[in-house]
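One chain, chain A, appears in both complexes that follow, with chain B as partner in the first and chain C in the second.
Right after this comes the complex of A and B.
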């Protein structure tokens, strides 16, 4: 990322909006400071690094808020490769909040285990840096560099329980998949560059709209989509996810399933909406298939899980399928010349990401809390949790109900905007997508409620006492609960953000 | 738009239980007395607000939305917080807050295992928000939200406090309803995009009155039929209509008494109300095409429910099947699409709420005293607990449609309405056939109810309970039941209490149906 920026500096001699990249700058500074602090601190005080990391994230978040307050327009930098518009600002804020919550989830987990703490937060911050860059990336190279900045630290994080063979497996699988997907993606991107002679998405969008090079472009788009499908673990490129999720330390799993998945989706949003819009006839079928397969297979496999982390892994595959629905909807509609769907579907993806983040992080927070007592993630171990820890049970039930999409919890609105894009697209393709999504949300209810049922209806194990929730973890769970409730009752909170994002997108997609 | 208290009235009716809920949640679990008191006061205050609404309601303009409020809510999808009541919604709203209050009173010393009044009462309060809200919502999305809010509390109520087979029953209830509402939501979205409404931002709206006024807005007949089909599934599962009824006997049998009462008295009405408020007025053309099928399923439900009753050994399961039959009458009235039929249907909803609610109360108390609901083991209730026995007999009479009691005015006009259904359905002979079948259903109803009465109330007590000391109706029960019993008589003797409210609204509604 640093190199990329430096290279662009030399090439274009641009005017840099330093304020515009202040959030990223803060993250870089914090990451370095965390590493240095860990070096000088005695080992027993190294938990202090978590404090520094969270302060850094909050300062960065402050800059994001200031950026939002500053203006409503867009600020292209580096010849249009890097744009700080409202859409980017909103998602930067999202990623920073996710990072903050992840740190809260991890503090006690990492502090109590025998882990290197400074390095953990350094890697986490670096990955988040990649995400914030990704939101602004409007250029193939920048997107690729951001994606690698997101991914490489997480390969290490997945293997952070280095004495656990499953964690090793998790890291290795994740790494190999990352390498394969990058290869696919780069091959596709190089073909695109070959045809369009540019890496800038806006140029690509224009060139792609002209006739010619049909087959090469089709192959190129197809290959890059497969690369992204690996990243967001869409079926049939998903099989690494459950093993990786199960093996990785649970806070890392939470981070992977929310932040890094969202990173992949943001990259897809940028490339598809800002780059490939004019060739929707090529990719809508791919997106349609990926969405239907991910929703259906993800859900059906989740039904059979007995381990809650694996269950949440498959559920996140299915949720990813729901998030792919608006992409397909956009493609379908664009193919028919129904341009306004661009806004509804862009909005839908952004809103879905925000809400999914809050509810999935909350669910993982509760899982981490319960695992402190049971030392396992078996769903059976949740029996009678309502009797021993009613507050935690109510929170986890709320997150699971929200993932199901039951009002008045935030998940309903995510599902709603997703449905809306599909119905808006219309035709047999849009309608079938909506119906498959509808049936799938009922299937999903079964396994989410299975956990709820175990917690509420089963008798507790005899020796079970209440779950002790440390304050940082408790705070993060409470924060997610408040978000899930507030957004669910007054969805305009995220609707407003989605609106801003869609307006930014409508300029770029010409609709 | 309303001003002053009127502008707040309905919001107070809907959201007062939230305040109580918050209080209950912060109280310690052991402080049962305070928890009960807070809940009771909350439901009382809610009911008082409802009474104020009923008193201040303008009965000369029942077809107009009153106490109307329209505030921006989710701008990004053009959905508003739009609430209001007319003559159709008012009786249902009153029923809902009335029954909830009585349920809280009954619960006073009747907490089923595993006890935990805090959680139980919290769930009742949450249910009340959803139920009251559904009846006042005038925006499709708002309606959907309230419609769904009741799901989880009822799921927990059945699953935690229910009978032996509670886990199966609760998840079945949940999945059935969720499936219906998913399709219903898709239909709402399709309506939003397909109906062009002049004069609103974006040209599309979720606003129910505006959608009704806008008409079909350029949809082909096929599209209308499909969209109606989606809503039909959502509402028919909730009612429940044959063949979507299979969740109901399980849910009712396993649910705790109060859960059964709320389910029968109010939750089922959310489905029928949805037909009257949303599906039929917004898509009248499709409704006319669907009406013969709805009528068919309704009469199948009447006969099937009655036959099902005769096959039961469990008293509560029998009452559950009788619910299917009674809701069949309501749906038949709705399917006729006439002023007469819709008036009967709404009356039937209120009457069924009072009568079946009361029957489930009695069944619950029988179970509480005898620890069984197997009718073969019961007998001689009139001897051992004469008050309870008489109440059971009274309710059975009301339920079978004895003239002079509330049940009659729901059932009889509903059957009659099938004689002259809306002429533009063009299926009058078919409906007359339905009428005959439905009339046979009333005979069967008399059969199964008297059969139950004979088994449970008449004769001598069975040897196993002969020497048992049996408690008759207690104080909390008297307080909870008396208003219901009085209501059943009052509506039976003077049905105009309801008809006067509904008639104007229904008349203006049927104008939309086209005749």
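Right after this comes the complex of A and C.
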């Protein structure tokens, strides 16, 4: 590749679409500026870095909107390793909005504690940079580097309360699992490279369809999927997630459970849909098993949690299982020769990610707000919340109902597209997926609505005044509430984005 | 003589076998060792197995992409180790030991 790049440099300048990478460029510039600003600012003014970081994210978001307005279609760069199409643009926008909301969630939490502020936003922006690169990555090496750019800053963020043993432990567990999963993924990638003689997903897609090297390819695909299963905390590779989520600072947990997880799913979308789609017979069973196990074990373990952050951690494992359903559905359908399911299942993953992001960030925002008063995350402490802070209670109830999938909140549409992909896939495998997902939606309703019941009907455990919600936190919760309601009432909002993404992907995969 | 020559004639296939062995040793080491620093070393062993496999394939296929991949793996692994050791130091300052079994505050 290096030789190729050098040769093309000599022959002609490589075509770089500078406008296409403007969002990433803005993020890099902002991250460096944040670090420098923190250096020159006196310690008591270092909260200003959060302003700079959020402005940078919004400018970057502006470039993403401008890219969408350009209607330039697909721009492949670096020989097709980096592609800016509508799918990439849609998810770049998603990640930047998530980053903005996370900064809002974190401002007061980080500002009030004894933390280094500039570095926090620097690490956050670097991780988001990895995510925006991931949406465009169509090459094994680019995917790997993007995934590590997402992960390495988050290891540090998880251990950000460095004088707290639980935060240390969270960071160590997350780090070890992250390093192991990248080793597995890379070994799989090296074998794929060996069999297909390329690291470009488009070449790999052509080569894996041909017969030969069946066993090596199966091992390679299996190993890389294990790597991704760790990243998206799918059962049985999930055990680190609840511990890390509980020990990390709560805004970081919100970021991990939404953005970092979504980054893993985007990597999986890229590699499965653009790389391995012609070998669906190898991976559909793996995706099917991961989906069923994640949904069932995630929900059953969430039932007996007394700490709301741990409950949300297991719930996010279960939600990850729901997001794996369309992957399995695509594999099943492809194995049966129904190519039309490719679009609906791709769309289902993208739509589920967008909606899950809004409702989960909102729920974590409420948890952060309540923890400001109670200093703990015990579900018992939510008793009587309605009498002291009714607005917050209504918001949290909405997010939990949305996670359950009750219309007219956004969650129902996510569940709807997920079920549709499983049923479209058909066969015993597709039907069993739909049935297991249905049963799990009912189990999930129990523990989500249990929190709602505690808030509305139980007597308060202690005498306490209303929860003081700072304006940034309040704004981010309000933003998520509006999104959850608007998408629930008018699902075409995300349906349209999902459509665009799936169309761009179908052009790329040629199906 | 031919037997000896056959034994010592190292082809690229041997590198794949060594790579697979190294990877397995690393993976098993992760499972059986309890000291987190040794666990880090096992992860490094696995990453080096990956590098060896990439380079061997690069040679066998006469294609430079595999060697380029090794550069990226090395850089990322170095960054990863820097962060990992920082985390270990943070833990060691609080509890004077880094045995994985003792780090068990979070569970359930």
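Methods note: the second predicted complex is superposed on the first by the 495 of 511 C-alpha atoms of A that agree within 3 Å, B and C clash if a C-alpha of one lies under 4 Å from a C-alpha of the other, contacts with A are read in each partner's own complex, and residues count from 1 in each chain.
As a working rule, a residue touches a chain if its C-beta (ideal position, glycine included) is under 8 Å from a C-beta of that chain, and two chains touch if they have at least 3 such contacts.
Please read these numbers as outputs of a predicted model, since none were measured by experiment.
K.L.:
Quick one: classify A:183 as touching chain B (first), chain C (second), both or neither.
P.N.:
second
K.L.:
Going by the contact rule set out at the top, does A:490 touch chain B (first), chain C (second), both, or neither?
P.N.:
In the superposition, A:490 touches chain B alone.
K.L.:
Have a look at where A:499 lands relative to chain B and chain C in the superposition and call it first, second, both or neither.
P.N.:
Only chain B; A:499 stays clear of chain C.
K.L.:
Examine A:408 and indicate which partner it touches, taking first as chain B and second as chain C; both and neither are also allowed.
P.N.:
Touch status of A:408: first partner only.
K.L.:
Look at the residues of chain A and decide whether chain B or chain C touches more of them.
P.N.:
C
K.L.:
Mind working out whether A:435 is in touch with chain B, chain C, both or neither, as first, second, both or neither?
P.N.:
first
K.L.:
Now for A:141: first (chain B), second (chain C), both, or neither, which partner does it touch?
P.N.:
second
K.L.:
For A:424, decide between first (touching chain B), second (touching chain C), both and neither.
P.N.:
first
K.L.:
For A:175 in the superposed arrangement: first (chain B), second (chain C), both or neither?
P.N.:
second
K.L.:
Which residues, counting only chain A, touch chain B once they are in their complex?
P.N.:
347, 386, 390, 401, 404, 406-408, 412-413, 416-417, 419-420, 423-424, 426, 434-435, 438-439, 441-442, 445-446, 449, 453, 456-457, 490-492, 495-496, 498-499
K.L.:
Residue numbers of chain A touching chain C in their complex, please.
P.N.:
So the residues of chain A touching chain C come out as 1-4, 140-141, 144-145, 148, 152, 155-156, 159, 162-163, 165-166, 168-173, 175-176, 178-180, 182-184, 186-187, 189-191, 193-194, 197-199, 242-243, 246-247, 305, 307, 310.
K.L.:
So in the complex, which bits of chain B are touching chain A?
P.N.:
Against chain A, the touching part of chain B is residues 29, 73-77, 119, 141, 144-145, 148-149, 151-152, 155-156, 159-160, 166-167, 170-171, 174-175, 178-179, 182-183, 185-186, 189-190, 192-193.
K.L.:
Help me check something: in the complex, which residues belonging to chain C touch chain A?
P.N.:
16, 19, 23, 26, 30, 36, 39-40, 43, 46-47, 49-50, 53-54, 57, 60-61, 63-69, 71-73, 76, 79-80, 83-84, 86-88, 90-91, 94-95, 103-108
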